[in-house]
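Report on one structure; see the data block that follows.
Letters A, B, C and D mark the chains in the order given here, with residues in each chain numbered from 1 onward.
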Amino acid sequence: MLDSRDQEAPARPFLKLSAVRKTYPGVVALAGFDMLVGPGEVIGLVGENGAGKSTLMKILGGVTAPDSGTIEIDGAPYAGLSVGGSMKAGIAFVHQELNLFDNLDVAANVYIGREPRRGGVLNLVDEKQMRADVLPYLKRLGANFAPNTPVAKLSLAQQQMVEIAKALSVNARLVILDEPTSSLPLAETDKLLEVIAGLKAEGIAVIFISHRLHEIERASDRVLVLRDGVLVGELAKAEIDHDRMVKLMIGRDLKVAYAAPKLGKGEVVLAARGIRTAAYPTRDVGLELHAGEILGLAGLVGSGRTELARVLFGVDPLYAGTVTLNGEPVTLRNASDAVERGIFLVPEDRKGEGILLDLPISENISLPDLDAYARSGLVVPALERVQAEQSRAELGIKAPTVTTRTGSLSGGNQQKVVLAKWLAMQPKVLIFDEPTRGIDVGAKAEIYRLMRGLADAGVAVLMISSDMEEVIGVSDRIAVMHEGRISGLLGRAEFSEENVLRLAVGKPLRQAG
Amino acid sequence: MNKKDLGLLALIVVVGFVVYLRNPAFLGPQNLANTANLIGLFGLFAIGQGFVIITGGIELSAGSMIALLGVLFVDLVGAKGVPWPIAFAIVMVLGLALGLAHGLLITKLKMQPFVVTLCGLLIYRGVARGYTADATAGFPFGSEYPGLDFFVARIGGIPVSVYVLAVVAVIAWFTLHRSVFGRYLFAIGKNEEAARFSGIRTDVVVTSAYVICAGLTALAAIFFAMYTRSVQPSSQGNFYELYAIAAAVLGGFSLRGGEGSIVGVILGTILLQELQNLVNLLGIPSSLNFAVMGGVILIGVLVDQQWGVFRARRRIAEAASVREERIVSSE
Amino acid sequence: MAVLELANIAKHYGAITALTDISLTLNAGEVVGLVGDNGAGKTTLVKIIAGNFHPSEGSISLDGQVVQLHGPKDARSKGIEIVYQDLALADNLTAAANIFLGRELTTIARTPQEAELPFWQRKRGWRLFMPEILDYRGMYKKAGELFAELKSETRPRDLVRRMSGGQRQAVAIARTRLSNPKIVLMDEPTAAISVRQVAEVLNLIRRLKEQGIAVVLISHRIPDVFAVCDRLVVLRRGRKVADKRVADSSPEEVTGLITGALQSA
Amino acid sequence: MTTDTSLKDAIDQQTHRGFLAWLISRQIFWILLAVIIAIIAMMLLTKTFATPQNLFNVTRNFAFVGIVGLGMTAVIITGGIDLSVGATVLISAMTTTIIMHAGLPITLAIPASIAASLLVGLINGVLIAIVGMPAFVVTLGMMSIARSIGMVMSNNALIYEFGPDQAILFSIGGGSVVVGGLPIPNPLIVMVLLALITGFALRWTRWGRHLYAIGGNEKAAVLTGVPVKAVKISVYMFVAFCAGLTGFLQTGWLGSVTTGFGTGLELTVIAATVIGGASLAGGTGTALGAVVGAALIEIIRNSLTLLGISTFWQGTFVGSFIILAVASNLLRNKDTGE
């Protein structure tokens, strides 16, 4: 008792996974996963569908064996568990779809697969023993039904208790709850969380998988976040909060370091006034974009940001309002009008609208300005390649050659190709729509660096983003849209998630002080 | 015995009584013994069928198996001169092997039981007819096989097959309703996936069910062969699988799996035989035999289903009244 | 004018009362969240709106006119569409086939509106002499347009079996768009899907809203309700205990209302 | 504009697979291949196979199984099954026989036999779709009932006299149309027509689409307004119609009717549809599959005869072939991860 109190970490982890890897044809389900679970620890495990949670569970449950890596339970190594082996080792599951047999009674369900036997040739089940054995577990859980009740007559929450009683009855040292609350009504969820606390008090470790992050927040001592088969984050008790988990789960976990602009705010390059778009034909929207700045455009998805960008790029019709470029009114009837004047868009749907996946890099870059690569009307591939080589070096596009098919590049490098095609044409205004969606962490940082570099070169940058960290981390100013109009403009001093959110949902800013 | 079994029993008694009133020969010792013998024979493989149906499967090849194994048994003993205990053993082993093959095809190759056993039906009948060139297999005229009479003997006026059925039924009852294996059968029939996750080796259990079924069918095949004395490969056991399925369904088995009892399947067998007997004794044209059977199956399932609907309604009403009490008490 | 107006709706099953005195208005382009614990009466209320049940008391008005709903088909013909919790999709068919299930376009029924009519009520004219053949091109085209409208990446020719949860939702929602409904009822659309797909589904709901369709969203997930709804209605034990703008409420308050910690608001 | 082209692409998008890959993933392709190989082998091994007379027999025999198989395919697509088709064939044949034996004209016998069959289908359909009983049980019961009614109708006797229109009957069922010097048996023509109609209906009509929907997810079909009950009744009536047609044609071909008529046909037919790629779980199946499956079964039977092997082995071969076909299909799909 005394020395256990002194120790920071549990003396010996109950479960230890190291470098566990599992691949299915064409998919890496788990790519070297490590995990420690101490006795009596409640671990929240979150991750999107397909993040590898279910594969992990299958491995722990002994349903599939890992390709490589080691599993240690209580210090004993396992190469791969079997269903029975996992149970014997003290791991119990409570599955999402309750795996109960409603044609059997409570006791039979609790002891399914390991019935107490009276022996003999026929291997008879000792029903009496079984029912007597189940009773204490039911009492511990505060259940109000008898062991011989048919499961078909129990409510969902009661059925869940049967599942947990089953876990208790195997003397489980680790109980894995897979989405246990997804079918529970709200009031009964509390009951479940109490049960989890009870398990913890008895020194039983719990892995709690749920999409209901609030419950994870309430129940867990530690949260592990899985994404694409990799552990992408681990939050200690104090760090657990909803937003952190979501960010880790969907992969916007980059801490963006703000780089101050070199030039300072320049002249107004682009001014839009009284713009009406198809999405919100009755709302006016306007903004001013200065040379050398990055203006973040925040707001909820559907607030009209993308539509504004598309109007400014000329692909959507302008219902009303004026756009001026360097003080002169311009008419943008189509994208080529915009491109001619140096207004470029890096669209949200990169694969659909940004690049042509089947063309080589060089042809993607030359596409908007083919005249520049043509001699007497014929495109000269060599010129294209020269430009492409230059872009590749400048932007650090990772590709074997400039004639590589663009579709074979990673998301980040595809985005760089989109950028390269505009940079080759001296942009005045560059609009990014969700520039880092689906791009891995490293490439994101490079894209931010490029954006800043462009701004420093005097380009006016408008960045639409739903990623709060990105907006706050990269922008010099933030305009927030709400239902088709700009609900507020924030200077750097006012940047905070709360302010952006309040404006995004249409509430006024709180008065400072 | 549950309510359903009691209902079936009552039906058997009522039908029996009505037949007796119309034709007292129904309860004559000769007729009773004969009917009992048939119940014994059909009951054996109907129980086997029950083991398969409870897992949510089906065994359509029983009739063909009875023909093939019957032909083999008679041929081994009668034409090849193999001592009958050895022939018995060979036939039993072969039956178990066929069951194993079915089980493995179903569990390992994940083929549908209907398809596998339908193929079994075609194959075994084909082999039986091909092997004998469609000639009736029988024992040489006048030959005696001491010991073989056991299969058709009567002890205390009751045919041996009834005793065998009784023993098999008791063992089967304990196996299905009281043993670990039986518990697994019910579990698998209800939710195979969940059973697997409970650490049950579902492949082994399901395969065993088919092996048990084939084993009991093989035993029945020998009894049938001895009962008919000669085996006609093209007609022996025709449609018997349907008798067995009908008996099981009448006895409360659900073709979706997970429901059923040994008592039920035996009562189902008795009822079917009683109806057959009724057709004969009451002078109903024997061609209507099938109609009576089909009608009974349809009506049996219909009643059972409507009863289920009724019960479900009552349960909803009960649940609603409980809820009402809660609301009343909280206010 | 309110698209849907429920006035003093009550539902009794024999002596048992499932709903008491529920009044509710729903405006065009409004998303209303319907929350409450299991057994609070959400399902009953939705089934009444969907035409599955007749209310024991009270009246239902659509566009200001009192109507009787004779079953789901009637409700659908009056502009009320439902997205079921399990989505009711046939896995072995394509997205387009699912959208048009039960109202396939043919050589005779050229538009979804016509396809919904029983065959003897369809306009025929000279087309009477043509065999009624499925119009695959037309269905793919229309399905593609619906997906584009919803800004979903779902492709009409893909089998539903191979789709993600979000795409399946898109198919189910696109199906409701076919008949230009006024009201869409959604039963727990975000119950069993991942975080990113929830965002997709919420976006789909916003698209419906943009097109002026009133949406009733039944959900256990309070954050989703707050993300997308304009107004929320809380039921407890068959009574409406709150009906307020989302902006004036908070998740804590709603949770309190659902569990009964707060009596009313 | 970009959006338009991407929309158009989305609409036109086919599953990204080559024709060859698609082809070899189909069970029916392999079965067709087996049929062709069997035919070539038989032409090389025997002199008798390729004779017009033998081909005439083969095609006529398989037409009967094929016709019923078309109906069975439709039933199996909905996830149902019909075990009563053999008995329905008997009912149809008996109705034809009794009416014509009584000296009534064939113009009455045809509609009467079809009507009797449709009645069987209607009862099946109502019990399955409206009362909600399992198809297996209903059609199993119906098989017993219909067969025994058929027996009662004939009074268990062999009938071979068909009144004044006997010649017409025989020429419909047993006759042929000479096309390009080759006699094409009438039942084959009926089967081809019916196959075209069924194939067309499955692919191009609402009814066909609804069958697949019911087999895929019956609940979804109900909720989306598919008239599930009506469709289910219609499909059992359709298979009964096919059986009725077969019963009539076969009467004309055999020239006599016994109570054993159509016995075991249900299993042969189910075997043919399963070989042709229909899954008993519902949701898949094609008209071509039913025809090819039936052809394979008949070719096996015919080959055995010509090779001097007892036809009693037919069941063995057919059964083994189904196991082989289904198992290899399952294994193939396992590889592609579907």
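The rule is simple: a residue touches a chain if its C-beta (ideal position, glycine included) is under 8 Å from a C-beta of that chain, and two chains touch if they have at least 3 such contacts.
No experiment lies behind these values; they were computed from the predicted model shown.
Think of the whole protein's Cα atoms as having one middle point; the chain whose own Cα middle lies nearest to it is C. Just count the C-beta contacts per chain pair and the biggest one is B-D. For the pair chain B and chain C, the distance between mean C-alpha positions equals 50 Å. With each centre defined as the average position of its C-alpha atoms, the distance from chain A to chain B rounds to 57 Å. Here the spacing of chain B and chain D, counted between their Cα centres, is 30 Å.
One finds 52 Å separating the Cα centroids of chain A and chain D. Multi-chain contact residues, meaning those touching two or more other chains, occur in chain C at positions 39. In chain B, there is no position where the chain touches two or more neighbouring chains simultaneously. The set of chain A residues that touch two or more partner chains is empty. Against chain C, the residues of chain D that register as touching in their complex are 3, 7-8, 10-15, 203-206, 208-210, 212-213, 215-217, 219-221, 223-226, 283-284. Those residues of chain D that touch chain B in the complex are listed here as 127, 131-134, 136-138, 140-149, 151-152, 156, 259, 267, 270-271, 274, 279-281, 309-310, 312-320, 322-323, 326-327, 330-331.
By the touch rule above, chain B contacts chain A in their complex via residues 171, 174-175, 178-181, 183-184, 186-187, 189-191, 193-200, 258-259. In the complex of the two chains, the chain C residues touching chain D come out as 72-73, 76, 84, 86-93, 97-98, 101-104, 106, 116, 132-134, 140-141, 143-145, 147-148, 153, 155-159, 175. Only residues 64, 105, 109-112, 114-116, 118-130, 133-134, 233-234, 242, 245-246, 249, 255, 285, 287-295, 297-298, 301-302, 305 of chain B touch chain D when the two sit together in their complex.
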